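Each of the next two complexes has chain A plus one other chain: chain B in the first, chain C in the second.
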Partner chain A sequence: MSTESNDSAPAKRSQIQQFWHQFKHNHLSMAGGVIIAVVILLAVFAPVIAPYSPTTQFDTPEGKYHPVEPGTEIVLTNDGEVVERGTAYLGTDHLGRDLLSRIVFGLRTTLTIALSVVVMALVIGTVLGGLAGYFRDSWLDELIMRVMDVIFPFPSLILAIALLGAVGIGKTEYTTALFGTVTVPGLAKIVLVVTIVYIPRFARVMRGATVREVEEDYVDALRSIGISDINILMRDVMVNSIQPVVIQGTLYMGTAVLISAGLSFLGLGVQPPKPGLGVMLSNARGYIYSGEWWFATFPGLMIVFIILGFNLLGDGLRDALDPKYDSRGE
Partner chain B sequence: MTDTILHVDDLTTHFETEQGTVKAVDGVSFELNAGETLGVVGESGSGKSVTAMTMMGLIGSAGNVKRGSVRFGGEDLLEKPESELQKIRGTRIAMVFQDPMTSLNPTQTIGKQITRVIRTHQDHSKAEAKAKTVDLMEQVGIPEAESRVDNYPHQFSGGMRQRALIAMAISCEPDVLIADEPTTALDVTIESQIFDLLDDLQEEYDMSILLITHDLGVVAGTCDRVNVMYAGRIVEKGSREEIFTDPRHPYTRGLLRSIPQLRSAATRLMPIEGDVPNPASLPSGCSFNPRCPHAEAECSQYDPELRSVTQSQEAACLLAEGYGGTPATEEPEAAARTGGGDR
Partner chain C sequence: MWKYIVKRLLLAVPTLAGVSVIIFGMMYLSPGGPVDVMLGPTAASQEMVESVRAELHLDEPLYIQYARWMGDVLRGDLGNSWTITQGTSVNELITNRLPLTTELAFLSLLLAIGIGIPAGIIGAVYQDELADHLTRIVALTGISIPNFWLGIMFIVVFAVEFQFEWAAGGWVSPLEDPVSNLQNLLLPTIALGTAVSATIARMMRSEMLDTLGANYITTARAMGVPRWRVILNDGVKNAFIPVLTVIGFALAGLMNGAVLTETVFNLPGVGKLLILAINRRDYRIVQGVILFIAFVYVFVNILVDVLYAYFDPRIRLGGE
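So, the complex of A and B:
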């Protein structure tokens, strides 16, 4: 008796190779990837790259408390003795601090917030959306999605401001019955608040993807062979439907940077003297019309670059991972 | 020999739809004996698959199991909680589905998927389970199993995938295997190989097979007994010989007449007139009466129950007894005559 021939030889390319092949031919998304790589390197190696401490106030030719233009000599004196001497390549801010050092360290803060927000919101949103989608139309689905519906329609910045208003700005100590005194740092509060704002976005995308995936025959096949629903959800359905959520994640990295900068700009986010891109813009506001153009321009450009980078990268990922989606509408 | 291991009684599953209540399965009763192959035949939408899914407790929230019991191993499966059903599925009752192309998770290797089933139900180490996986794959006739365990489903042909799914289904040596149109999506040449395989496995593991199909040819080749379903009900039950040589229900006769016969004098096939009725609004009386060539006035008034016509054969037709009097060969000949007249 002959059996079917050993057809369909192993695929020549693995999925990752296929993805890379798609991705590298998209020059814009490669550019986005390069921008993000550079920005992340800058943030990681901030202490090496930054010429000075981000909080040192230098003496400038115009005094200690005045922004000076890029390329000016700056000196740090202590009791008339020169401790440090150098050049402010991007100028200084209104307190004589080196702008380049502050931007590089500010990147750290801003990226940390954005990354924590997106990772946390993605994980929580994926689990909630996955549960809702798998147990579609059950009480669990209703419960999860109605809560999401309450959060979703608010403009993200407005909701973040409102939530921050409720928990307050800066470090707070809470006395709890279970854990004693818990100190919540200001940064953690920002992350928490923006995460809450973002969870519904991920949950909705994940629910949609899960609902589609659960219709697949293999889900019934797995159930018929005694695999539990939770096991199918975690090991099969979620793994197979997480792609659009990850793509959303890269796109939301950009907007998360914008929100965290926006909160800081309004004085609700990162608190001085900690460097942050939003705080720097906020400080620079008063100097825009008085000729100190560098003060607002460089932090602003940095924000633009980060968001541009993440958007290009996200678009490229979507094109490479999801062949059905055509961004050019062809 | 005739130990009944699965006893389905008055199984009734309804679906609530916008057009009304669909009685997908309506009072279905049958027994599955140890070691036999029982065929369930019917057109699409006759309730064959829903019967199987209800038995497995997989009907989901859309379906509403109204009545009935599925007695298996002294217990009613319909009353068991989901957690206990999960232990029964795969170990004591397993299922093979229609479309092997979509019944495997495309992102996991074949080997991992089989190993997972083994490790879910049996206490094996990873290495033991993997060795067992290779054994199973060899047993179901997958060549070079050792290297193909690491292949993904898209690297397997349809027939090979169905073999992999069968390997998964038999991995924990179930007592009952439900095969829901296992070869409908496959080539005819592969079809016979799959049935040969099921035959061998049935003998080796002493399984009972519930074979759901719309193909009477498949039934003729594999089944010991046959249930014919129409519009959610079993309209005729009997041994394979009885169904093929002496069908008592006009629907069964219609089905048989619509199979091409190599040696038959008829040159035209005789399809059953009309369409399957809308399940949300079945005709009154016997559901088959609008399509039945023998329908009489009372057929649209009385809804016939299954009645014994011989010792082992039952039919749900008011006129079934009458058929018993006429020789079984007369009908096909009459069909041949009218077929010839059309020429």
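So, the complex of A and C:
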């Protein structure tokens, strides 16, 4: 933005106003925004909102560790003394833990994974795509985009599974020459693997946007006064062409939730006892036939709610910012 | 046309070579490495480790190991299983499970096209009217429902609540019992097809909007060519293009979804094999299945592109 003259400031502002005007009148995207705001608030204030701790195992008339149906009274006893008493609004899981509290805390895990993935993939993808687009048709462009082309077309979940096969499932201790023993938690592996899957998607969109931006007159003008390519790219071109990438990011938040929940469901993602929405579905699989329908129903509904929120929001942002923008990128 | 096909096939070579290097490297990055996996967690004697290493040619330099593996792969031999069914050929494991996965994917694609394409056309023709808004909301919701969760819900309702025997999963060959084969696949097909149909509807809508607004349609109509002739002469042939594009894109969704759906409904397909192999760290099977999926994916996409080029000369001649 450093080279933007002050004259263009009012134009920018009115652009934002115009965007807000369009966005405000799109009821579906407003609904998406509200859903996401609610979900984020739930996750941030989980300790206040969740009725109980996500790991407390409650007692039931049938004994300890026995799942109860939604709306059942639960008690926590210690040496025969009642410590806590309340209602499990969504029932308890196979270890007697309150399902509602686990869902609220599980949101934290699920959103952390999705946000880390999208932010990391967006940053790396933007830099790679920006470089490729700015130095279009150079060896650098060829190198970056060829590597991206190998990763991009692969079905995302299967690629993530393959990469997880390489790094292993769950917490692993690596012995390195430099740092001694390094422990990599399972969560970090999921983030790493899904990030790799998403980098090419951002890189391709960014490359397209950069190629168009470089055609602008101001780029030639900056070059002619001796500003270096890297400076032009980092300070002007990237800033000006990042908009479609950010929209893409919102849309990919939804699919990142989907793919990480899928991995956890397959038993390859977040490992119990950490509460995560996908892990809860994975646990629920063992109890489908014994009648504990609430195990799978409520965490799944929450996943649908989150993904729907991001999809509505992303769709609305795309329409408001650029009606002609093609969702498939380039 | 032939020139185009050869070009596309040649372009697939570096992609598949890249994939094969990644898949090969995977085994060596894996914690513990292949010998640990094969001999299990119990402390094996040094001689045992050495003999297994020699047997698997792990004592040779990496590039020779890669060449050896690639040589086998190019001859169509994906190697033998390590842990799940020790010694069984991976080819056999995949071929045994392929009919199920193919049938599931095919039926789901049919369902998805059957719902998605009409929905997309309705959306495009009635752009910004009630029908368009409704199909958009339904499609958006469809995309947001994870197919594995939908599958679980189906089981909860149909197999547990209503006690339908056919709803519980499992698979019999259509050659043995075509009726129960289709019954068993009904719910998995709906679970997998729904999300894909939503994706197809969204893409079809935007493709159709482009086609309806294309210059040649407007020009033809302006030149006084009757509406039905425009549709017959240009519309029918051009209608294949968006459909093909959509199928190409839907393929990735089908493949991802098949892994999850097979796990939910306990269907012994290729996707289930992959998950089983990952959990048991049978990397020979993992390599084989991933490479197989990569091949299928790349070649179906080439097929789609070639058909695409056949229907749209701009693509075929554009690169020349």
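Quick note on the criterion: the second predicted complex is superposed on the first by the 300 of 330 C-alpha atoms of A that agree within 3 Å, B and C clash if a C-alpha of one lies under 4 Å from a C-alpha of the other, contacts with A are read in each partner's own complex, and residues count from 1 in each chain.
Simple rule for what comes next: a contact is a pair of C-beta atoms (placed from the backbone, for glycine too) under 8 Å apart; a residue touches a chain by one contact, two chains touch by 3 or more.
Keep in mind that what you see is a predicted model, and the values were worked out from it rather than measured.
Student: Between chain B and chain C, whom does A:T92 touch in the aligned arrangement: first, second, both, or neither?
Tutor: So A:T92 meets neither chain B nor chain C here.
Student: Which partner does A:Y218 contact after superposing on A: first (chain B), second (chain C), both, neither?
Tutor: Only chain B is touched by A:Y218; chain C is not.
Student: Of chain B and chain C, which one touches more of chain A's residues?
Tutor: Ranking chain B and chain C by residues of chain A touched puts C first.
Student: Touch check for A:S264: first (chain B), second (chain C), both, or neither?
Tutor: neither
Student: Answer with first, second, both or neither: which of chain B and chain C does A:A284 touch in the superposed model?
Tutor: In the superposed model, A:A284 contacts chain C only, not chain B.
Student: Which residues would you name on chain A as touching chain B in one complex and chain C in the other?
Tutor: Overlap of chain B and chain C footprints on chain A: empty.
Student: Can you check the complex and tell me which residues of chain B touch chain A?
Tutor: For chain B paired with chain A, touching residues are 56, 58, 61, 83, 86-91, 94-95, 97, 99, 102-108, 116-117, 120-121, 141, 143-144, 151-152, 154-157, 159-160, 165, 168-169, 190, 193, 196.
Student: Quick check: in the complex, which residue numbers of chain A touch chain B?
Tutor: That would be residues 1, 3-11, 137-138, 216-218, 220-228, 231, 235-236, 239-240 of chain A.
Student: Quick one: which bits of chain C touch chain A in the complex? Just the residue numbers, please.
Tutor: Interface residues on the chain C side: 14-15, 18-19, 22-23, 25-27, 29-32, 137, 140-141, 143-146, 148-149, 152-153, 155-156, 159-161, 168, 202-203, 206, 249, 251-253, 255-256, 259-260, 263-264, 274-275, 278-279, 283, 286, 290, 293-294, 297-298, 301.
Student: Taking the complex as given, what residues does chain A use to touch chain C?
Tutor: So the residues of chain A touching chain C come out as 28, 146-147, 149-150, 153-158, 161-169, 172, 174, 254, 258, 261-262, 265-268, 281, 284-285, 288-289, 291, 293, 296-297, 300, 303-304, 307-308, 311-312, 315, 326-328.
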